[in-house]
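Each structure below appears as structure tokens.
Shared chain: chain A. Partners: chain B in the first complex, chain C in the second.
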Partner chain A sequence: MSESQTIAVQVAAIEQVTPLIKHFTLAPLDGGNLPAFSGGSHIIVVMRGATRTFRNPYSLLSPPNRLEAYEIGVRRMEESRGGSHFLHDAVRVGTRLEIAHPVNLFPLDKIARKHVLIAGGIGITPFLAQLEDLHGGAVPYELHYSVRSPAHAAFLDRLRDREGERVRMYCDSAGEAIPFDALLSTQPLGTHVYVCGPEGLIRRVIDTAKASGWPGSHIHWEQFSVPPVGDAFDAFLAKSQRMVHVLPDQTLLEAIEAAGIDVPYLCRGGVCGFCHTRVTGLDGELIHNDHYLSDAEKSACKSIMPCVSRARGKSLVLDL
Partner chain B sequence: MLITGIKSKPVYTPLSADIGGRYHLMLGMGVGAAPLLRVVAQMRTEAPSALANTRVLYVPPSGDAAQAHVAEFQNTGVAEVRTFGNAQALLAAFSALLTQALMGTRLYVAGPESFMGLGMKIALQFNLNKDEIRAEESGSLARRVHCVHCRAETEDVRTNVVQCVGCSRWLLVRDHYSRRLAAYMGVMADAEAPGELPPIQEVFA
Partner chain C sequence: MNAAFKPDETFRGDFSYQNSEQAIRRFPLPFPDDKYMYSVNIEPHLPGPQGSVTEFAIDIDEHYVAECRERALVLDAEPLRFQALPHMMSSQWDCLELIMESLSRDYPQHFSLTRHGNQWHWVNRPLQLTQRFTFGDPATLPQQPLEYITRQAPGDWVVMDQREGDLWTEAGMVTTQADWSLNFDLGMTFKEWHGPVPLAHEIGVFDRALRFLLNLRLGAPVRRLNWTMTIHPRLDTAPENYPFWGPDRAMVTAQNAGDLVHLRVELQGLWRLPRSNAVVFGIRCYLISLRELATIPKWARRVHRVLKNLHPALIDYKGLTRYREAAVQWLAPFDDGAPTSPGTAPD
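The block that comes next holds the complex of A and B.
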């Protein structure tokens, strides 16, 4: 992915849907239609701030058959490095942004006999688009949506109106919890489960499904890691003979890009594997924050996913 | 020869128990009993509680040995052993069971290749994936052959060339296998020179 492939858009509408979540509508600058996508796709939004450029992944929540505009939901992260704060605070109706073409790393299984969707908080967004694909079809489905309190249940009206009983909501504040065991131990053969939300929820679903005998091929999850803030460090790019300095609230990938060097990426959230970079020298340690490398690969310290991971120590040399 | 080196020919590995599953469903035919009994024995040592969730559907070979095989299954302590007179009857019962089955079910299939293919075809309709099915070829390699010209299926083919039951064309049996059809593809053998057939040999014993 490089900047030449981005699409220029303009913010057409902004709605505050919960105390923490804003809903943005992005229309193409030149009118016309945006590229087609399938439910579960995300885009990268490029935000050019005064001193820095942010590129964050957001799931598309608009109907896949509606291409005049894309919609995304953005939660204001407490510990944001800037992307979500920029969208929440600096972006107005009319602001111009760039986006990358949609990519689907979280597609529905095409021959499933049933779909069970499990969302936690802002994790509802990819399911909103997927429900559009499922609605009216022959394959049964249900959505389990867990939120902190009713005030935090984004898009609930839209879901209830359309899906009725197929949507079940659980509020932490009312002591309600998804009955993971009962839910996952009673599904008919050929069911697929999809989960998107906080790490604990994803872990819980995967573990419960496995304990109920589910094979891995029927369990799907998506979690974009938010790159954590860390200590500043330096990286030497061996092929291009450049030293880059990574600020505490900057990612390694952003620092490399700021130096004018392109690294391929799709998700910028540690899941797709595209930004995989070889580590050719290390005096110190790597702080892996991705969901892509295996534990063995992580401890081997021979590769890093620069979109979310960092280093600490004296030196880091990359094969770039 | 035209029929080698095609990747779609299924490759089967020896059966073993997948104790990550919660329910175990076994389909066997003829000498396919042996690999299934091996799986049951493995369960008994590694996860005895799995036996109570294990069901066996079996077509015994004809003759005196039949009862002995069935008794052997019954003695293992699995939840249920059902026997059938032929593959069709077994597969009908299998389909009915799958409509009731829950996620967490593992399928084990052992027997002649064409029997396994038909079992897998049904499993596919229920969206069972590779990590839910284990199969071991055991017994005849006779093939079901799908005529690419008239779409009829000729059963129990043991020769490299066979006359189609549907259109009577002479078909060359290829290694190209369709999981959806549970059959190997048969292509007209004398298309270029009508009447000129390669020597017919028994190759799938």
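The block that comes next holds the complex of A and C.
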């Protein structure tokens, strides 16, 4: 995307739903309708801070047919580079932001015979919109929602009111855990499983499902990587003959954009593969943080996903 | 559009279809160069110059009313030209919204759409249709949503569901096609659907096209041009009906090629659909006879050269084998060997 395709919005409401999660309602500035979307979609929120511009992906949790406003849930990240802190601390009702058109990298499978949704913590957000798509349909579904403690169970009331017995909650604080083996070994043929949440949860679901004989095409997950903070480094952009300096809490993609060079992207979370960039020279190592490149591609060091990955060493040359 | 509709022209029987001078000048010539080979020639579907076929998202031209009547005739005889698998219903509504919004926004003199929540009111003046319905409730329309709206929209429409890292051809309205069959292709993946295309698989065109389309973004449609040739201005060349139109190819001579042989250009548009996350592929067919084409000297030279030097595999695939030579001979007197200017615009 490029900035010209963003939609201007205004924060219409903010609600603190758990100690760590705030719920934002974003309404279009022109008062018209926002584009419809499908459950599982995310938007990129562009936040123009005093010295830096942040662009973070957030899943849409509002009903996909509600076009007057979008809703997102934002967890305050302990090791934030600034995006979630900006939303939590600097944004007020009335603040103007820009968003990109929704993109769905985590869609429901339309020919599934049953859907099993597994959420951990803030990973509940895409499922809130998907449940709207599923509710009242002919295909059975159930949601398993794992949280630290009842106080951290964001949006639980809204879920229970509508979905009743189709929602199961598991609290770490009460010693409850999702029974992965029992859950995934007893599903009817044609079931699809979807998981969103912490890396450990995602890994556990994928591994258990595969061990239980699930076809890979029926296992879906979404985990946006939070670009980790690292050491500063330099990158040379060979085509444009520019050197960019990447600060410790800045991503390579942000540094390239700050130099005025456009790199296409969709997710900014190491998932979609859109910002795939060729590495033409390296003296040092690449720190791959994405979920897109295969292990072989990562060790080959011929490409990098600049939205989340970094480099360490003497020099990095990119085909940009 | 400013030109008047020509509701009585035909694409069968006496083939009275013709292009006005204005329609000829806006014809989307697909040859930017004197040679042709496949490429992933995809570009953003942004508004083109005023009066061009890309000025608006969906082009309405002088043939609109006649094309809709031709579609109705095909559907009367073969209702399976429209098909949609059950899980494609949300994409059908997405398509209806896309087409109604585009047409009413871009041609307010011909179409209007009034929305009050889910209560919609649609008026199509050229076809003298008006419809009140509930968006999302198929029982409030005379046909399924995609059939209803594509009976009123020019060109073919194919909807692809996105899952398992692929695009699946699972709904469509196909009556103006260049020798392919929705009934045969329904349920296929992207590469299965394009299986018969020669050379392109080998040079990776479909790998790249699929990767690109899987990431197609809402609000950022794209387009490309494709082409072949057809004898007579016949919109419906379906493989199931080959016995009715295939033999026409044997009629072509160097004397009659100017009137019989038509360049058939498809303006293909691709949109990401919002509620279904499906991709809709619009394939709009433009037909022009060699005689009409030759009224633009640059185009006569260029098409002569393209046809003369076309790759043998493409000659076969496009079905030109029997009459290409005749078409080249008919065009030859128009090609004095002078260089052609860059681009496709008439000089």
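As a convention for this text, the second predicted complex is superposed on the first by the 320 of 320 C-alpha atoms of A that agree within 3 Å, B and C clash if a C-alpha of one lies under 4 Å from a C-alpha of the other, contacts with A are read in each partner's own complex, and residues count from 1 in each chain.
By definition in this document, contacts are C-beta pairs under 8 Å (C-beta built on N, C-alpha and C of every residue); 3 or more make two chains touch, one makes a residue touch a chain.
As the structure is a computational prediction, the values presented were derived from the model and not from experiment.
Novice: Check the residue A:P35 against both partner chains and state whether it touches chain B (first), chain C (second), both, or neither.
Specialist: Only chain C is touched by A:P35; chain B is not.
Novice: What is the contact status of A:G260 with respect to chain B (first) and chain C (second): first, second, both, or neither?
Specialist: After superposing on A, A:G260 lies clear of both chain B and chain C.
Novice: Mind working out whether A:G137 is in touch with chain B, chain C, both or neither, as first, second, both or neither?
Specialist: In the superposition, A:G137 touches no partner, neither chain B nor chain C.
Novice: Is A:P107 touching the first partner chain B, the second partner chain C, both, or neither of them?
Specialist: second
Novice: Let me test your reading of the model: by the given contact rule, A:P188 touches which partner, first (chain B), second (chain C), both or neither?
Specialist: In the superposition, A:P188 contacts chain B only.
Novice: Taking the superposition as given, does A:S217 touch the first partner, chain B, the second, chain C, both, or neither?
Specialist: After superposing on A, A:S217 lies in contact with both chain B and chain C.
Novice: Can you give me the overlap between the chain B contact set and the chain C contact set on chain A?
Specialist: 109, 111, 217
Novice: Chain C touches which residues of chain A in the complex?
Specialist: The contact residues of chain A facing chain C are 1, 5, 35-38, 40-41, 64-65, 101-104, 107, 109-111, 217, 266, 272-274.
Novice: Would you pull the chain A residues touching chain B in the complex into a rising list?
Specialist: Contacts found on chain A: 109, 111-113, 184-191, 209-210, 212-218.
Novice: Where on chain B is chain A touching in the complex?
Specialist: 20-23, 98, 101-106, 126-132
Novice: Help me check something: in the complex, which residues belonging to chain C touch chain A?
Specialist: Its residues touching chain A are 87-88, 90, 94, 97, 161-164, 215, 217-220, 274-277.
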